[in-house]
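One chain, chain A, appears in both complexes that follow, with chain B as partner in the first and chain C in the second.
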Partner chain A sequence: MTTIAPSVARTQPKTAAGRVRKRLSGRVASLIAVVIALLWTTPTFGLFLSSFRPEDDIKQTGWWTFFSNPQLTLENYREVLFGSSSSSGRLASFLINSVVITIPSVLFPLALATFAAYALSWTRFRGRDWVYIGIFALQVVPLQMALVPLLSFFSQGVEVFGITLMPAWNLEGSGQFIQVWFAHTCFALPLGVFLIHNFMSELPGELMEAARVDGATHGTILRKVVLPLVAPALAAFGIFQFLWVWNDLLVALIFSGGTAETAPMTVRLAQMAGTRGNEWQRLTSGAFVSMIIPLIVFLSMQRYFVRGLLAGSVKG
Partner chain B sequence: MDFFFDFAAEAPKLLQLLVGVVVFLAFVGLMLLLLDRAPMKERSWGHSLLLLGPALVLLAIGLVVPGIRTTLLSFMSGDSSQFVGLDNYIWMFTQPESITVLRNTLIWVLLVPSLVTAIGLVYAVVVDKSRFESIAKSLVFLPMAISFVGAGIIWRFVYAYRPEDANQIGLLNQFVVWLGGEPQQWLQSAPTNTLFLIVVMVWIQAGFATVVLSAAIKGIPAEIVEAARLDGASPLQMFFRVTLPSIRPALVVVLVTQSIGTLKLFDIVRTMTGGQFDTSVIANEMYNQAFRYGEAGKGAALAVFLFVLVTPIVVYQIRSLRQRREA
Partner chain C sequence: MASIVLNNVDKIYAGGVKAVNGLNLEIKDGEFMVLVGPSGCGKSTALRMIAGLEDISGGEIVIGDRVVNHLPPKDRDIAMVFQNYALYPHMTVEENLAFGLKLRKMSKPEIAKRVNEAAKMLGLEQYLKRKPAALSGGQRQRVAMGRAIVREPQAFLMDEPLSNLDAKLRVSMRASLNQLHERLGVTTVYVTHDQVEAMTLGDRVCVLRDGILQQVDTPQNLFDKPVNLFVAGFMGSPSMNFTYAELVRDGAGAAVAFAGYKLPVPDTAFAEKAGLERYIGKRIILGIRPSDFEDAVAANGASAGWARVPVKANVTEELGSEINVLFTIDAPPVEHKDTVAAANDGDEEEAAALPLTGDKSLWTARVNARSHVRPGQNIELVVDTHNLHFFDVESGLSIGHPANVGR
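The block that comes next holds the complex of A and B.
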């Protein structure tokens, strides 16, 4: 987000009518801004406040009555994270799963996309532009189209005309994380290559030429020259991918199984919302547990995220 | 309340994480090593292949081959054993339940991009150059960090229903009661329930539009704005004659990305209604057919249809991309 805009000296309208009109439109604009801002924050605030209210209060009265009957507790969080009954969330386990899923699913595509983007911007080979456009065009393939075959790729391996090219992976227990990482990495590459290539291809060519004349190899140029310069783009894509993976439900549902062994928090929350749709003390606190980490990352690195977003969308 | 947290059960996961990351780093190290060893030449396939190879292999395994296989599956029966021709597509366009799904998707893709763009634009304009601009934009942008599942729970809480004689706990029904109406089961009565789900999507995405459009507005050259002001343009004229035409490219970007995102939408419907009460959309129905009812053929047909819907949008993007590269 940009810093607060400098107060631009506005030319005052000369006539009285003009001044009134100006003030009116200013009022209307402020009103619209306040209404939108309220609409956008109240639902989250209501959930946040409710997550600290005792169970009976949540279920029997609206959260706005809190202000006449303030009572707060941390019990909901304790129950949803560590509760021993099977109906409580046991979210602590799923929280760890989310972390275990997210770190590699951000790291892997980040590195591979950087390599690919470098090859597409600073090595020369015939058909380079077509490869780039091909990768970009793969964004057209919806996740949904890849799910069934990719799942059978893991569970049955690859067989062409009766010859087994690759056996089934037979992943069990925490090994299932591998297929989630794999799926997320594949699906992230088109956007990642595109975003990073955008930044990388605009670096001045003289820089690479100078390094090459000095006898640097592609490995050295990539590490010492290019990486420091494209760091903002890497940060932008990293945050983007982090939020995507952390908040993803579809890939997790299909590739991670549904148990506390490997499933991330989103899967557990969706289960709770489905089967115990009215256990609001767990849903409210559970939802907040799942939000807190992305919110922290997002708020502390918003600048990079916005920059990457703008680079990816407006610049093309 | 007893505590339940078994550290022993968590250890294998962390070990798996460690092993995964170490193996990957070793792989990256090996690649860099090979890159350093290969001699530098003006044109060398070796370097390009080494750098591009892993990404291309993963794209082939993860997207290209599955895309082709799904297309083939869509002409096969539910268990993929028999060729059934166009039966799955005929099912999709003739059965009442799947027509409802298509209708809902159409409503989504018509409403979400336009609402998101309109709200984002209005908000970006009204907070532009105000004293609280950056915090105001942050507030609206914040839902972007929340998962669709989390947002689904937030809004189910807003829509929560209690019978008339009980205290309402959902904000929307409380407002209805305050205004003298009867509380409603917002998510259960078709077809308006789809609109209540759309609200959630708009709520999440409006911040994206605000940020992109706000940046575009700030990019309008000051001379143009000044010239229009000297000519005595009213605020409305200013908006329609100067602001809108200047930010057209950004508007297109927002509309396009929102359309693609909306077509693929899954999580909100899944968390809030599970697709019941006539709220299902293509992506959700595809999941149900392929992974719950064992109808791989029908699921694949829905996925292919999604692909067909998204294609023109992305083709348009590629064309403008190539134009820019040639410019």
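The block that comes next holds the complex of A and C.
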């Protein structure tokens, strides 16, 4: 050991950041990271195993007994996805509702926030900074505060001193999807505008000027110059919004009316354990069904996800 | 191609800062006009107003025969080259060049033709499929230049396009810019703070200071006949030597006296500079270009009739082809606002000369390399008295300059 010590001292990095980086890439650090990863994954793995065990096994023993008494069944998944009892099943159709809710609820804020961010960073108009500060400040408002006003906005319209400024929407059935999209879009915009604006305003201004001299209008600049350069930020915000909407129960339950026609999977999952909670063996497989799509989205786009966030904080 | 005319153009920024003040300038068809001045003098603002990237607070800008005050940049038919290249990083060189043409709905064969021509002209053919990140600084600058060339606009506007290149590349790019202008003959407005660039590139040079036009003329005329102390001090490197002096006339004829020296003023000077007579017996500011000095020994006969100035060399800078001799003269440095502004060149904190000289002025003479002067040696210099410059002490204006007569 004593012979090694001097050589280590010689290669010791000088800066504090360098030392931290070196320690974090050491063998011990890697081992600790592996242990933490295992600890973190174990419950998920247990959940996964449980979802394939028969109902009686789930209710009587822990998932680890699988190793001494291996018994697997797809019964839970069949019941969850296609079962016909009132509380179980038909998750497949709710899954479709979830997709119908999520895709527009991601695309609308993405598009609107991009336009707003461009206008707020690359066009000049009076009061621009105040508008931006206003939007930024809206992030402070908890969305729970907006639930009741928004509901009355949908069901009664806007009326000031007896004058109707906006009639009630009176949406029925699948029309209620619109309410959910609207609500999700409203709640997502402040953060979206903030994130994308920060990224977009870091682009060099000469680029926009060069494009303007080359003959581009604002629309062309946004499409041909800005969008390709802010793609990482758009991907990051898109994934955030996707995960948030997909896992959301509160907004969807309130604005979709909770019927089988419009309610997303999260609403169904909450009902799945049965009215008295005695059917909780279904929850494991239900959870896995709901996890599949975000997992696919996340894994296929995680490259952008990580890079987008880093690129947003440091220029370049 | 077209001429560009600026009539009383003003630019006032929010907060009342006047960046450009009543600028009148006519750039002729096919002319290479250089706007030069220290940083913050409004030269870039003026260029950006011609481009349409800045609003015009007052006055009128005419390109060709159209008043363009309220036209957006895309309708002005101009092309601009930026200091930081401003290439589109996600497009290949080819796409960068073609971008402006595509936006103008040009046919594909025409775009391909122009892009190839420009690439050939700039030696970019083998880089057409690369992205800007894979190019060197000089290549990027050429792409930026090419993006302007393919457009075949009425005028090129260039905002310090060479300032991000290293010194050697800058010299060669300067030469190619000159050739390019010869070949294309497009009206060009070029902004720089580097007076060497201004002198070598411009058909005419426009010197700006604090948003006010100082002088527009050919480089040689700017050098020989500066209109005021600022232009005299700004153009030329090393810059002109100044001192307070007295214009006297005695039995031997007219002379300027300063710091114990007395230089005869030839009669031709009075003939050329109208109104110089009236300053006899008064204090003036005398200016002598370093290049109007010569070592008396090295000049050897060529300097017949030149005045002799014996000095002690403090520092010598040997440049190979010539030697800069720095010496002090026993007179306080001229602290006219114009000379200070010209010497500082934007760096307000940094005075041009170190305060080693006390209340003496530090002068520079550029002498032939055959002169073997060493620091600390006494040397006899000769001065070409035909090229003395005289300035009014109050106004700083050049005495007898045609533009100043009656001012």
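Brief remarks on what is shown
The working rule: the second predicted complex is superposed on the first by the 262 of 316 C-alpha atoms of A that agree within 3 Å, B and C clash if a C-alpha of one lies under 4 Å from a C-alpha of the other, contacts with A are read in each partner's own complex, and residues count from 1 in each chain.
Simple rule for what comes next: contacts are C-beta pairs under 8 Å (C-beta built on N, C-alpha and C of every residue); 3 or more make two chains touch, one makes a residue touch a chain.
Owing to the predicted nature of the structure, the values given are computational and were not obtained by experimental measurement.
By the touch criterion defined above, A:Arg212 reaches both chain B and chain C. When chain A is checked against chain B and against chain C, the one touching more of its residues turns out to be B. In the superposition on chain A, contact of A:Pro204 is made with chain C only, not with chain B.
Using the contact criterion defined above for the overlaid structures, shared-chain residue A:Pro228 touches chain C, although it does not reach chain B. Of the two partner chains placed by the overlay, only chain B lies in contact with A:Met291; chain C stays clear of it.
When both complexes are overlaid on chain A, the residue A:Thr220 reaches chain B and chain C alike. When the two structures are aligned on the shared chain, A:Pro70 is found in touch with neither chain B nor chain C.
Of the two partner chains, neither chain B nor chain C is touched by A:Gly258. On chain A, the patch touched by chain B and the patch touched by chain C overlap at residues 212, 215, 217, 220. Residue ranges on chain A touching chain C, taken from their complex, read 204, 206-207, 209-217, 220, 224-225, 228-229. Remark: chain C residues 51-53, 72-74, 78-80, 82-84, 86-90, 99-100, 103-104, 147, 151 touch chain A in the complex.
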